[in-house]
Amino acid sequence: MSFLTNIINGISLGSVYAIIALGYTMVYGIAKMLNFAHGDIIMVGAYAVFLITSALGFNPLVTVLIAMFLCTFLGITIERIAYKPLRNAGSPLAVLITAIGVSYLLQNLALILFGADAKVFKSVISLPPVKLFGGQITITGETLVTIILCIIIMTALTIFVGKTKAGQAMLAVSEDKGAASLMGINVNATIALTFAIGSALAAVAGVLLCSSYPSLTPYTGSMPGIKAFVAAVFGGIGSIPGAFIGGIILGILETLAKAYISTQLSDAIVFAALIIVLLVKPTGILGKKIMEKV
Amino acid sequence: MAKEMLSVNNLSISFGGLRAVDEFNLTINEGELYGLIGPNGAGKTTVFNLLTGVYKPDVGIIKLDGKDITGQPTIAINKEGIARTFQNIRLFSDMSVLDNVKVGLHNRFEYSTLSAVLRLPKYFKVEKEMNEKAMELLKVFDLDKEADLKASQLPYGKQRKLEIARALATDPKLLLLDEPAAGMNPNETKELMETISFIRKNFNLTILLIEHDMKLVSGICERLTVLNFGRVLCEGPTSEVLNNPEVITAYLGE
Amino acid sequence: MKTLINKFNSDKTFKQNTITYAIVIVAYILCQSLILGGVMSNSMKGLLIQFCYYIIMAVSLNLTVGILGELSLGHAGFMCIGAFTGAILYKTLGEVLTFKPLLLLICIVAGALLAGLFGFLIGIPVLRLKGDYLAIVTLAFGEIIKNVCAAVFLGKDSKGFHISLKDQAALNLEDSGEMIIKGPLGITGLSFTVSFTACVILVLITLIIVLNLVNSRTGRAVMAIRDNRIAAEATGINVTKYKMLAFTISAALAGVAGVLYASSLSTLASSSKNFGYNMSIMILVYVVLGGIGNIRGSVIATVILVLLPEKLRFLSNYRMLIYAVVLIAMMLINWSPSARAKRDVLLSKINIFKKKTDEKEVQ
């Protein structure tokens, strides 16, 4: 039974990774950059919820909405100030280093504002735990909400990208910016929208992450951010179902490794799995094969 | 009877369901200047990619100077004696003009990495030889004054010439030129024609070129093959082929 | 002497390389005289060896990023291997070999060889990938190395070495046995003595290796692959061989930096701080700000960027914030096309004077 519990916990952690990865994969698809600051948006979202709940005591749902709004604003601002001027810089490294700078900036801003000590994050989810098999397995409210939310978000995003005009514009811009703008698509607005969605999702992920793992520091978002990117690559970058599958697999893998092999080595095992997947399928599980034209 | 430099037999390749090159045959004699022409999308560059090992053919045999080179990797084919240029120029753009040619000399002038790091006498000796050889080649293309410039700083026409110089540096038997006159003005094209004739004579080359500029084709090519939809439409001496009604239809449409 | 001066004036790369070496040597002499004069602060003295291993890291990473043109985010992993190899050898050979300079030399050579070996083995799968995929996989390898080094237990007794990834008890050491690596606690009781002079010599050797490599047949092949892989292949360059060569040498040099790093510590433990991806990224920042492919730039940028946070220490928590802002601002100014255009206009105004001097040189 403990195995099943571990699997459920793994799916829950994986759902958090998946939500971050969904945002990450969209941002990557459109900006073609490793956005190292993406993980730190998670941290900002979590701090926002932490502060609003402890200071103002708003209803959790309202709090989360405010955090999402804040992160959306932050994401768009970062894109506009730090990334947009470098879009045609000639080297992809320029914007990568800038993203690292933004990451340092957010972490150290949080360090100054909130200190280095870990804050105990009070879960925003007040759902009672569900007991299965006569109480042998307990699924916490957090787990349940995380998994359900992840599925809802994935479905909504799939519909958004596939069926709406803005979603189609995103696909077009990620395919070819120049051609998209010739077709009358507002490339800047589309990219900003993508960052907005990605950042809002990061806020949600931050809240869910800290509800399940309640210790919050300025560096909370950094590793989940990297792992979410790994999840996105795992599933095939640019692919929405790929990010979902990648996230879930990663979460299960990490939880099982922690439970049965070694806490110390769980990250190593996750990364080793990524390497193996990329060697077998260089563009991820659901990635498209790209051929270089000669 | 002249010696066959290149003989291609029944060469085919498909991408997905599309037969990009279909039962392609070609024979080029030593020292010949041969043209491969055809409308856009006919599969000319694909033939070059097959000849140089960028793609592996589904069926067919490619023989260079009597030796079967079918399915060999690009590097091996280059060492056997095929060098090429590219339709969309592919220079080593952040390297100097001289270094571009020296990369071409890579397999002809050797010293170990260790003697480079330790700057052994061998390094200085071979580097000197390489510099001389490279400058000699650059002079042929009138690029010797730009030797220290970055390749990307050269004007377009000179970049095309540098690509040919680099290909020549590998000491090929057969040189493949993919649209060498693309983007050149009539004067540059004329000059290029002279250079091509010059290097063929002085470097003992056989040349196969793809070209859309009919002035160049009729001016220097001895024989032609016309490709249409991946298949050979006709082949023969230049003047005959260019007057073939089928070829004219293929180019101009019905 | 005269021939050297002639060569200096006629051979552009010789001139550039000589300037690079001269900068390092002059800086070294300056530091030594400050130390002898008793004017150098203790905190500054503590930084000297840091400069050296960070420079070696940056220069070697520039070989991968700037010369080979592949983005590696796992460079700290190779440093980790070098550091642990050096420290283990120091612990095990320290009693037998009392002549310390020789011991240090053995540690450095072994650190370089093992890091190079790992670079080779990791390069086989990694170099088949491209761009960001390659970046994330190097990051993954770096994290694996860091985590494994933090989880490994190594002990020695009369029966030889014992190794485990679980805990100390699993080693089944004899009572007389000695622990070498204590898992997350790492290797304790290190007491290397490495002089600043030795470190500077290693920096110079690194520079000589990298610069001589770049300006050679091998370096040209590597750069040709960077600029255009398909054309390089068509020109007869063995792409796999030269990619592997550059990556392996880069890793081996990072191993040397690792040994120097270990030599400055009494306890070596692998953590996210020293060998995690954050370290790899920090080195990458040095490389990019110094100029991708510009070896001298890496040296100068490293010194400035190691010094900057130290000099800003009085600002306490604000210093990393300022560092971040400076980093973003520098990237925007250096790289954004619109800022570049403005800068070029400014420079062209200043250049009126410069052009005149250039003309004089021609005459």
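Each chain gets a letter, A, B and C, in the order it is written, and its residues are counted from 1.
Heads up, the rule we're going with is that a contact is a pair of C-beta atoms (placed from the backbone, for glycine too) under 8 Å apart; a residue touches a chain by one contact, two chains touch by 3 or more.
Values in this document were obtained by computation on a predicted structure and should not be read as measured data.
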Remaining chains grouped by touching, chain A not included: one piece
Most widely separated chain from chain B, with each centre as the mean of CA atoms: A
Distance from the mean Cα position of chain C to that of chain A, given in whole angstrom: 32
Whole-Å gap between the CA centroids of chain B and chain C: 42
Chain A and chain B, separation of their C-alpha mean positions in angstrom: 49
Shared-contact residues (touching 2 or more other chains) in chain A: 294
For chain C, residues contacting two or more additional chains: 230
Of all residues in chain B, the ones touching two or more other chains: 54, 86
Interface residues, chain C side, partner chain B - complex: 12, 208-209, 212-213, 216-221, 223-224, 226-228, 230-239, 245, 293
Chain C-facing residues of chain B, complex: 52, 54, 73-75, 78-79, 83-84, 86, 90-95, 99, 102-104, 106-107, 109-111, 113, 116-119, 123, 126-127, 130, 148, 166-167, 169-170
Of chain C, residues touching chain A in the complex: 65, 71, 125, 128-129, 131-133, 135-137, 139-141, 143-144, 147-148, 150-151, 165-166, 183-184, 230, 277, 281, 284-285, 288-289, 292, 317-318, 320-321, 323-325, 327-328, 331-332, 334-339
Residues of chain A touching chain C in the complex: 28, 34, 36, 82, 85-86, 88-94, 96-98, 100-102, 104-105, 107-109, 111-112, 226, 229-230, 233, 237, 262, 264-265, 267-268, 271-272, 274-275, 278-279, 282-283, 292, 294
